[in-house]
Amino acid sequence: MADPFESDGVTELTMLQAINETLHAEMARDDRVVVLGEDVARNGGVFRATEGLYEKFGEHRVVDTPISEAVIAGATVGLAIAGLVPVAEIQFLGFSYQAMHQLAGQVARLRYRTQGRYEPSITIRAPFGGGVRTPELHSDSLEAQFANVAGLKVVMPATASDAKGLLASSIRDPDPVLFLEPLRGYRGIRGDVPDNDHLVPLGVARTAREGDDIVIITWSYQVELACRAADSLRSEGLSVRVLDLRSIVPLDIGAITEAVSHCGRAVVVQESCETGGFASEVIATINDGCFWSLEAPVARVSGYDVPYPVGMLEDLYVPDEARIIAAVRRTLESG
Amino acid sequence: MTIPSDAQLREILVDMVTARTQSARLWNLQRQGQVGTVAPIDGHEATIVAAAHALDTEHDWVIPQYREPLALRRYGPEILERFMLYSLGHPAGGHIPDPIRVLPNQISLGTQIPHAVGIAWGMVLRSEPGVALVFFGDGSSSEGDFYEAGNLAGVLNAPVVMVCVNNQWAISTPVHLQTAAESFADKAAGFGIPGVKVDGNDAAAVYDAVDEARKRALAGKGPTLIEAVIYRLGAHTTADDPTRYVPPEDLEAAQRDDPVLRLTSQLRKLGLWDDAAQQETEVEALELLDRAVEDARSAPLAVDALLDHCFSVDTQRLALQRSQLLEARSTETR
Amino acid sequence: MADPFESDGVTELTMLQAINETLHAEMARDDRVVVLGEDVARNGGVFRATEGLYEKFGEHRVVDTPISEAVIAGATVGLAIAGLVPVAEIQFLGFSYQAMHQLAGQVARLRYRTQGRYEPSITIRAPFGGGVRTPELHSDSLEAQFANVAGLKVVMPATASDAKGLLASSIRDPDPVLFLEPLRGYRGIRGDVPDNDHLVPLGVARTAREGDDIVIITWSYQVELACRAADSLRSEGLSVRVLDLRSIVPLDIGAITEAVSHCGRAVVVQESCETGGFASEVIATINDGCFWSLEAPVARVSGYDVPYPVGMLEDLYVPDEARIIAAVRRTLESG
Amino acid sequence: MTIPSDAQLREILVDMVTARTQSARLWNLQRQGQVGTVAPIDGHEATIVAAAHALDTEHDWVIPQYREPLALRRYGPEILERFMLYSLGHPAGGHIPDPIRVLPNQISLGTQIPHAVGIAWGMVLRSEPGVALVFFGDGSSSEGDFYEAGNLAGVLNAPVVMVCVNNQWAISTPVHLQTAAESFADKAAGFGIPGVKVDGNDAAAVYDAVDEARKRALAGKGPTLIEAVIYRLGAHTTADDPTRYVPPEDLEAAQRDDPVLRLTSQLRKLGLWDDAAQQETEVEALELLDRAVEDARSAPLAVDALLDHCFSVDTQRLALQRSQLLEARSTETR
């Protein structure tokens, strides 16, 4: 099936470049795709994720909206009903709260409440995540709150290549997807990205590091830190697997079960505060699927149960390599 | 000024009488425990029916709140059929079939207005002729969604007709506690669009206002906000007791201005309506409703319908849940 | 410390009556308490929870607002800053989504972001929960989404007496409390309620049934069902404990750990959909605190991963006695 | 019409020059990596300073967005002190001490407007004389919170002064894409309250408008919406590159109408300002700023400050987390 005119080449890109290229490609591929959000058109997005789209695809398909997150999200419902494929940006995930009644109450339910009459081919992109000294509500990891919203897919790439493959899949997916982009990854994560059309299916986890003694399960930017932790522990002779969930809905229950059954020990890492974070769901899933394989309690590394803090306290709040390593050691020593 | 023809007025009255008759029957069915909560239509008939009659059902969308379905008959018999499924709590009630351009009821107040703007915007992008007409109550106008949507519609110049159905009440809250604005039409200035206040008990006036707004929209001149002033003649819903808060003298005054009675007597004077017409319409209305309830009662429902249409394809978790559900249900029936 | 003029009597009340009486008592006790919300004044609330307050305390302290959940929640922040003690009602929890940016973004953070300058003595009451054939978004159990919001307490009484004691504590608490009232409990739960001032501290779980073989951990209306399940299993000779969490934030970790350590087996029941529901947090907490006592995986009984469904499907969605009993049996047989 | 006295105008100019001078220094400090993101004040000085000067600092509240702090000097030196803590990312930056009636910066656009309505309402309930003045941008006016709050304020007749600071831009989005309304003041009609449009580069005009709105509010006549028309002379923030989108000719025109230059030349003509005054003000402004930065740098920070002030008392979980944090930090420093 290979197209002889296409290369199998790769290009090294930042995650931000990968996202930008994918938006260009998807808009070129399907003229039903429209991009909307605050500052996405003339300014190319505050991080330049939508750079060049306005110039290339024009003011009808790339639209600067007023500062109204609720109607940005709400309009996607109408656009989808009218047969378009909206890709909306919420400038920072924290401001999805302004649109919660549309995202959780409407976007997520369109297919269910109309029993399939309408296809919510809707993608909502939003940056989030700590470590870059942003003001309030720019950094908060709210993924668990959306994971509890049935009907919404929540996709959280950790690499530049996956950013491309998962974003393309999200845009083409007939279900609504919240596509979350780690701020620290925009320029901080780079890697080889396939030049050609590249699709990564939603709901299939990725083994970022092979290993047998213990598995670190995580998603988004924390995969990067988990890999660093695994690499540094490997030099001590420990074999640490890293499982990148890629999407938390759909959740690759099979991959989690397989990894934990194999290793017998697990650490789950998240940036969210501890209580009610998605790590709890991963632990509950492990409890369901491979309790009998567990040789020690699963460790959780999280933010603390306080609102995402100001700049001086950020580094204490967000899990880092040291905290991950400590949790791995603790879990290996336990039992 | 576009005045509906006599024939149109008569059709409008047929739909109005039908809606009121069916609404009363539904109320009784609810009292007998046969259907879920009912929001009676009394007082809303002229506004909803006349608005629907000013639209091109093939191209124009209707985005309702929750009180409208019985009055949207012009969009086809499927509206009633699906509404009865909805009233019985059957999931298929939410599926108004293609190509009918009517969305299902919206319970989360105001959220439908952004949807309407999106639909209108989408039609422009797809170069489809048509407008999106959205109904919402005086109460719903206090939601941020109304304002954000109106403002965006203004900026986009989208072909939306926003109809604020001001029935003076939001459950127990009277309009003067809902807003200090002199009229809901005044809110249009904040969106830079025309705001029109119309007597919502006057079917011809509503028809004209919608017709004009629609023509403006189709001519690329953007949205219009129409305030239709009416009075909620019934309870908020079957769960409500309006005698706790509606001043009886206000209600009596409103009853004297009942939109159905008004159009009836107008058409009687014109010789377009008589007792026979009234009776025929009522009988047919009840027949239709009863048949729709019957059909809804016997509509099939898969044992695992609960889990259908959440996603296009079951996730791993949903697949597990589906097998658990199927297993439990097969034990049940064993 | 007993006041000789007060009785130690009790009166049998429904949960709704207990809530209404408590609101009367707290408004009488502290004239800083103000009640606001949709239809709370002249109509006494759509369920009559605020009945009589308007007549007794007047239009300044009991206020019908426009239909604007965001500003209902947002105004509580200002009212608290001005030195009042607002008790706001969101007519149904599903419509708290309209106020999410104020509840999660502002109310929950007021103390933290001002580092204690302002005391958010704010209570937000909202009914929720299934089984009574309400329209969309009236029944949804969204508690897990709020539990992931650091800074907010989430209180969920299961009895009439606790409704009084927890509501009084919530109103007097200097932190913001989301007080969730189960619709099925309004008239469906009744019991003896102390006539006197009655305070139940936030964050202390209650053993609703004693038992040794297994513990069912749950909250709100599901406690009622869990107790019925425990009672019917007791007749078969099984000793089933029921732990009523009462509040999920603060979480009584000690009580969970104690109960699970003692019984060795546990079932967690929730009305929310499974993924990301608060049951996952309970399981993660058990994993943290008493993994080694577990004799079997913890079972989870939940709603399904679909939006809360329409009337005909409700009874399949919401956990019932039969599903709880099945989970108890499964857990007892396991391992 | 209330015109500020010469002495007041001079005080206003001192605060305006101070704000601009300090903003420029902060910009440089950010470029050197010494403070976090900075939102320059250039162009906003007359509006913010004059509004603050029309208030009674003992009774009236100021609820800012995020661009105002340097111009709120009239509320006391603590505003600058805390703002520097805030700029350094120190948690105490959010704690503006009692009894200063100024809230900390708000990042979540529009959310501060409901807070202002709540404060104003609370003052009425407590029979306190005073108003709540809230600043928000042209961009923030598109949020539902603005409308819901304005509407509620109208219904409650609350003593709120809503100041829409229309600097023509919301990051890269120009006003004509923000709303199709002719002016932001027009949005007042939808709340049933007066809307006033004022030249925000004219300190006396702003003073007068706020003074009048304040008097109305204190007289129990309810809220006012004031639109202050200015131009954002600088970048949105240090993270922004306005040359990508601001038409140079518009910027040049706006620079000719610079509010600081305008008041300076006016007061020079009146003999109330001269080079010495300018220099003295600038020097003092920088001294104050540098001292505040110094103090902020040396402000104490507990090892577990991260966990303070979430709840009045630690929950069980927070107590566990606190001991984990303390343990980890003691290992660190060992």
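Note that the chains are named A, B, C and D in the order they appear, and that numbering of residues resets to 1 at the start of each chain.
Keep in mind that, in the parts below, a contact is a pair of C-beta atoms (placed from the backbone, for glycine too) under 8 Å apart; a residue touches a chain by one contact, two chains touch by 3 or more.
From a predicted model like this one, the values you see are computed outputs, not experimental measurements.
Q: Among the chains here, which has the CA centroid at the largest distance from subunit A's centroid?
A: Comparing chain centres, B lies farthest from subunit A.
Q: Looking only at C-beta pairs in contact, point me to the busier pair out of C-D and B-C.
A: The greater number of contacts lies at C-D.
Q: Centroid of subunit A to centroid of subunit B, CA atoms only: how many Å?
A: Result: the chain centres lie 39 Å from each other.
Q: From the C-alpha centre of subunit B to that of subunit D, how far is it in Å?
A: 44
Q: How many angstrom between the C-alpha centroids of subunit C and subunit B?
A: 35
Q: Two or more other chains in contact with one residue: find those residues in subunit D.
A: Expected reply: 91, 94, 108, 142-145, 148, 151, 155, 177-179, 310, 315, 317.
Q: Which residues belonging to subunit C are in contact with no fewer than two other chains?
A: 65-66, 68, 70, 94-95, 97-98, 101, 105, 112-113, 136-137, 150-151, 249, 251, 275, 304-307
Q: Can you check the complex and tell me which residues of subunit C touch subunit A?
A: 94-95, 97-98, 100-101, 104-105, 108-109, 112-113, 136-137, 142, 144-145, 147-151, 249, 251, 272-273, 275-281, 283-284, 287-288, 291-292, 294, 296-298, 300, 304-307, 335
Q: In their shared complex, at which residues does subunit A touch subunit D?
A: On the subunit A side, the touching residues are 38-39, 42-44, 46, 64-70, 94-95, 97-98, 133-138, 274-275, 304-307, 309-314, 316-317, 323, 326.
Q: Which residues, counting only subunit B, touch subunit A once they are in their complex?
A: Touching subunit A: residues 91-92, 94-98, 103-104, 108, 111, 113-123, 125-126, 128, 132, 144-145, 148-149, 151-152, 155-156, 308-312, 315-317, 320 of subunit B.
Q: Using the touch definition from the top, list the residues of subunit D that touch subunit A in their complex.
A: Answer in residue numbers: 36-37, 66, 86, 88-91, 93-94, 105, 107-110, 139-140, 142-145, 170-173, 177-179, 239-240, 244-245, 301, 305-307, 310, 315, 317-318, 321, 325, 328-329.
Q: In their complex, what parts of subunit B are in touch with subunit D?
A: Per the touch definition, subunit B meets subunit D at residues 142-148, 151, 154-155, 157, 176-182, 186-187, 189-193, 222.
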